[in-house]
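In structure tokens below, several structures.
In the two assemblies presented below, chain A is common to both, partnered first by chain B and then by chain C.
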Partner chain A sequence: MTLAPVEGAKIRGPKRASGPWRLVLGRLGFLVAALFGVMTLSFLLVSVTPGDPARLIAGPLADETQVTAIEAELGLDRPLGERYLDYMGGLVQGDLGDSYYSKQPVIDEIASKLPATLTLVLLSVALAAVLGVVVGAVGAYFRTRWPDSVGRLFTGIFQAVPDFFLGLMLIYVFFFVLGIAPAPAGQLAFSETAPARVTGFIPIDSLVAGDTSLFVSSLKHLVLPVLTLGLVYAAYFAKTARTTVGRALNSQQVHFARAMGLPERTVLRYAFVESRTTIVTYAGVIFAALLGGEAIVERVFAWDGIGTWALTGILRLDLPVVQGMVLVAGALTLITYTLLDIVVGLLDPRIKHA
Partner chain B sequence: MPDVFAAPKGRQFRLLVKEHPGATMGVSFIALLLLASLVAPLPYDPTATDGSSSLLAPGAQHWFGTDGAGADVFSRVIAAARIDLSLALAGTLLSLGLGLPLGLMASGKGKGSEWLVRALDAFQAFPLLILALALVSLSGNKLYMVVVAIALINVPRYIRLMRSEILSLRESRFIEAAIAMGASTSRVTFKHLLPNVWGIVLVQTSLTIANAIVVIASLSFLGVGVSAPTPSWGGMIRDGAGNMASGEWWIAGFAGLAVLLCVLAFNQLADAIGDRTARTYR
Partner chain C sequence: MNSVAETILDVRNLAVSIATPDGVVNPVKGVDLTVRKGEIVGVVGESGCGKSTTIKGVLKLLGPNSTVTADKIELAGHGDISGFKPRQMNTIRGRAVGFVAQNPFGSLNPIYTIERQFYELQKAHRTGVSKRESREIARDMLNGVGIVGPERVLNGYAHQLSGGMAQRVVIALATTLSPKLLFADEPTTGLDATVQAQILDLITGLVADEGRSMLLVTHDLGVIAQYCQRVVVMYGGEVVEQGSVMDVMVSPQHSYTQQLIGSVPKSGEKLNVAR
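Entry: the complex of A and B
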């Protein structure tokens, strides 16, 4: 007996968008909701935390009237609800307020400093990923033998060292002792002037300006900070890669591939394909963690990015700057996670998203 | 690998040491450091400055050299353990005290716990160090805010960890059997679930101490939290940062080394506990 469709019944097609589109749309919807949450939180965190910025700006010698005047000038005397509506209204129009100190719009300051940070973070994640995955994969392949032990020793040490301290040690070794690295004075040496701003990325701008020596100098200045962050985060990568690749090397399809007599290279490729989603996810997570997380390293190398800018802002209670940093880092992190979900979903169709 | 606790009592300790040499060295180092900072007489007063002996290299007189103000770096590194380690422990205890009950609460199957985890995800999207820094510096540099900041960073980690572990434990047979035998929710929670997550909670606690040490060092490196005359590792790295480019590495060097060794010790301890936990359940 065969099962025939009931007379008159229609086969029901999917009602909602399906496949990759559904994934993309769903994630984007969540992103919008989450961004709203980040905006609200960035306002609350700064407005509700105790502390008296007006008094701090006025200095210890100011009297009450001066403090009240500063409060009125900064709009801090108005009720919380009104300030919130104002803040959100401004955000929608791309207005993040003005810095209390420089009086410049926060959005302009962020735009001018973001490229320096992005250069540093992107290169560091790339170095960390390559170095970490290689060390981790070698460790997994030679599990419990000497390459694994050496890898784990370095992983353990670099995981334990605070990144800003590693940066200082690298400055001592490569600048003072060996003299091969430039002084930690930022993206360029003190004597050099930045090229005309085209993209905001100094290495690219100096190429656009046709100044090769400036380009080389900007690359040299990148080496130590990228090495600092790259080494520390490579350790995290290596730990994850060792576990993931190790599990993949022990999986049934790899055993099967070996049993079928496939060359070791092909077997290894299979293992990598199996572990790539985890590694891509981890790269995204580390990228997000570094935005804002590398602030102290920026400061060590006098790097003129949003990290240094935010630290200075926080230390002198420049509220719009703190809000701007929290907002930008939060938003960039959410966008990264959204892209990550989409990329991982496309790479690995087995993963189902709500 | 022989099971340590099957051996006669006298040999247990020796086997533990042999099995986890890293963790043993780490714990001994921390114990020694704490002991030295609390009771041992320091060669110099850690807060005394002496302009005539500034920036001396390590030698017989000053084992770790002296800093720009002429204070003895060795005495300062040891004395700093007092405030740095006790703040780290306080922060960890607060994280544990909040994270444990919240983690249990978030491990229910209801809609509420799902939303809580979503909210935590959004919260962790913030740059936590910047947040901690803002919190401490906006509060006017109060030490207890450093402890709060550590909890702020680490409580979400406890919640997520316990939730994922307990959700998978809930599916196991012995929980099902306990519920079928009529055990109350609190009995299931405290008699059956909690003992089975102790292992990972201990691992997380060791990692939290390590994280707290780094957070405290980062804050005091930026001049927030523990402030000037009190010696702290982060503060010493701050003092010595400028000297790195001119060759006096020892001011920041030994303080950084202390942070590194402490973090390494607690990481090793976490590894060892994790190892034992994994073996017990296998």
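Entry: the complex of A and C
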């Protein structure tokens, strides 16, 4: 056999040892720069928005002197540059200003409201991802046959129903008619008091306090809101998973795996590892979009989270609250995307660690 | 007297039908195929004539919307496999019949290392294979397909390989379980001309050295003439002619074969170039 040997040394690619660290450090550097941008934007966006908060606070019957007094009290009469330096200086020390209405530090309000939203959004995205990927993958595997048709029917329904409406329907059926779900009164029933604050996450704090009945109650209160968001977004996951897993199942590497006599579950795993980065990315994007974007569902379930808080702040032109929300949403989004970059980079060897 | 070599694969009246939204299509109709021991049989025909579908049909690799029927698919040592269930087919695929597809980049898993892909293959067919054992076998296989320094390839990923290297890895995978029969579906499509020759030399060499047989699907008559002993000409989903390469090339019986051979430019022929 005449055959010129081929050098195995042709392989190019990242050095595995330093690759992941370089990726992490590079992303973190970018994160810091982007956070600074978000801080500036949150100041500018709010400072140039129309509407006069002092007039709104004073009410329709107030005269000019009262309005000017409020303006002075809130520091709104000072020049923009001065307010910007003040704002950025405060941010560095963790001072986001005080709410115009509650007079509480915005940072404290965020700390008390964010855990409720994070619990809701994290569990909802987890449910949506698991449910949606299973439905989508089954649909892709049985394309055009009955499991696919059933999956697509439900996907279509839950995609078409607005989340708040689904929430109301669930409350009607499971609380009002069947009586198996607790009243939509927030994270706990009216009669229950929140556990001593440790992490701010009520289910965890009630466990820390050793109060199991409170823990169970907090889980029961989570079911309907998580189901609402979970089902609606599961539909989106199912659609994405059906397409990406379907494409992977039709890819040549999967055909080759099958031609090599690999068992069907291994073949499915081969298809899944090819499509998982797309699904993980999708989960990250949905998570970031839901933070604060689920305000209306929070409203429906009287969920005392950051979405409701920000909505109220916006309607009352409570500038520090709005700025705080822009900042929190921006920072969490950036952190999510940074983590996403790192995770995807580690999951997929084709992505260059640069 | 020359004894006729043992038959490795005997396919009778193979037909494939695929259900599409616009109705049932029949890309392969009544195909008969025979591959004897040590023989390389070329399957030639234009794109869409059913040559790839035929070999995928034999291995039941077509999608769920397709139906494969045959009077018999006799595979030496396994009997008639035409009625085999998917689970039984998995004992044939890779083990009795190796498969080399076109586009080597697409054939390899993009996420797993090459080493892992050798391990998955062996784990599927042999119980109790250790990772270490698998790695040693993989190293030998890569050496056998002319890859010097297989360690780096084993630790690497498909996208880090050149096209020729990737196809060598695919050939190594396809022959790891020592199948007696190889199906090669246009194994050099998309590779450089020089690499094409290397890959064909390699794969036909592996067939000859180990006393294997091969079905080589191609649309290149030059490849048929150079590497195959017998040829099957397909047109419109049917076999229109088959026989020894010499007979078919010298005196083609079917008009399609005549046209196919006539379409190959000959050296010394006057070129009809517009000036």
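As a convention for this text, the second predicted complex is superposed on the first by the 334 of 354 C-alpha atoms of A that agree within 3 Å, B and C clash if a C-alpha of one lies under 4 Å from a C-alpha of the other, contacts with A are read in each partner's own complex, and residues count from 1 in each chain.
The rule we apply is simple: contacts are C-beta pairs under 8 Å (C-beta built on N, C-alpha and C of every residue); 3 or more make two chains touch, one makes a residue touch a chain.
Here the structure is a predicted model, which means the values were calculated and not measured.
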Touching partner for A:Gly156 - first (chain B), second (chain C), both, neither: first
Contacts of A:Ala183 with chain B and chain C, given as first, second, both or neither: first
Which superposed partner A:Ala283 touches (first chain B, second chain C, both, neither): neither
Partner chain(s) touched by A:Met325 [first = chain B, second = chain C, both, neither]: first
First, second, both or neither for A:Phe256, with chain B first and chain C second: second
Touched partner set for A:Met39, first chain B, second chain C, both or neither: neither
Touched partner set for A:Leu231, first chain B, second chain C, both or neither: neither
List of chain A residues in touch with chain C within their complex: 1-13, 142-145, 251-253, 255-264, 266, 270, 273-274, 347-350
Of chain B, residues touching chain A in the complex: 22, 122-123, 125-131, 133-135, 137-140, 210, 214, 217-218, 221-224, 237, 240-241, 244-247, 249, 252-253, 256, 259-261, 263-264, 267-268
Residues of chain C touching chain A in the complex: 59, 61, 64-65, 86, 89-95, 99, 101, 103, 106-113, 120-121, 124-125, 142, 146-153, 156-157, 159-162, 164-165, 168, 170, 173-174, 198, 201-202, 205, 209
Of all residues in chain A, those that touch chain B in their complex: 34, 37-38, 41, 45-46, 49-51, 156-157, 159-162, 164-165, 168-169, 171-172, 175-177, 183-184, 288, 291-293, 295-296, 299-300, 310-311, 314-315, 317, 322, 325-326, 329-330, 333-334, 337
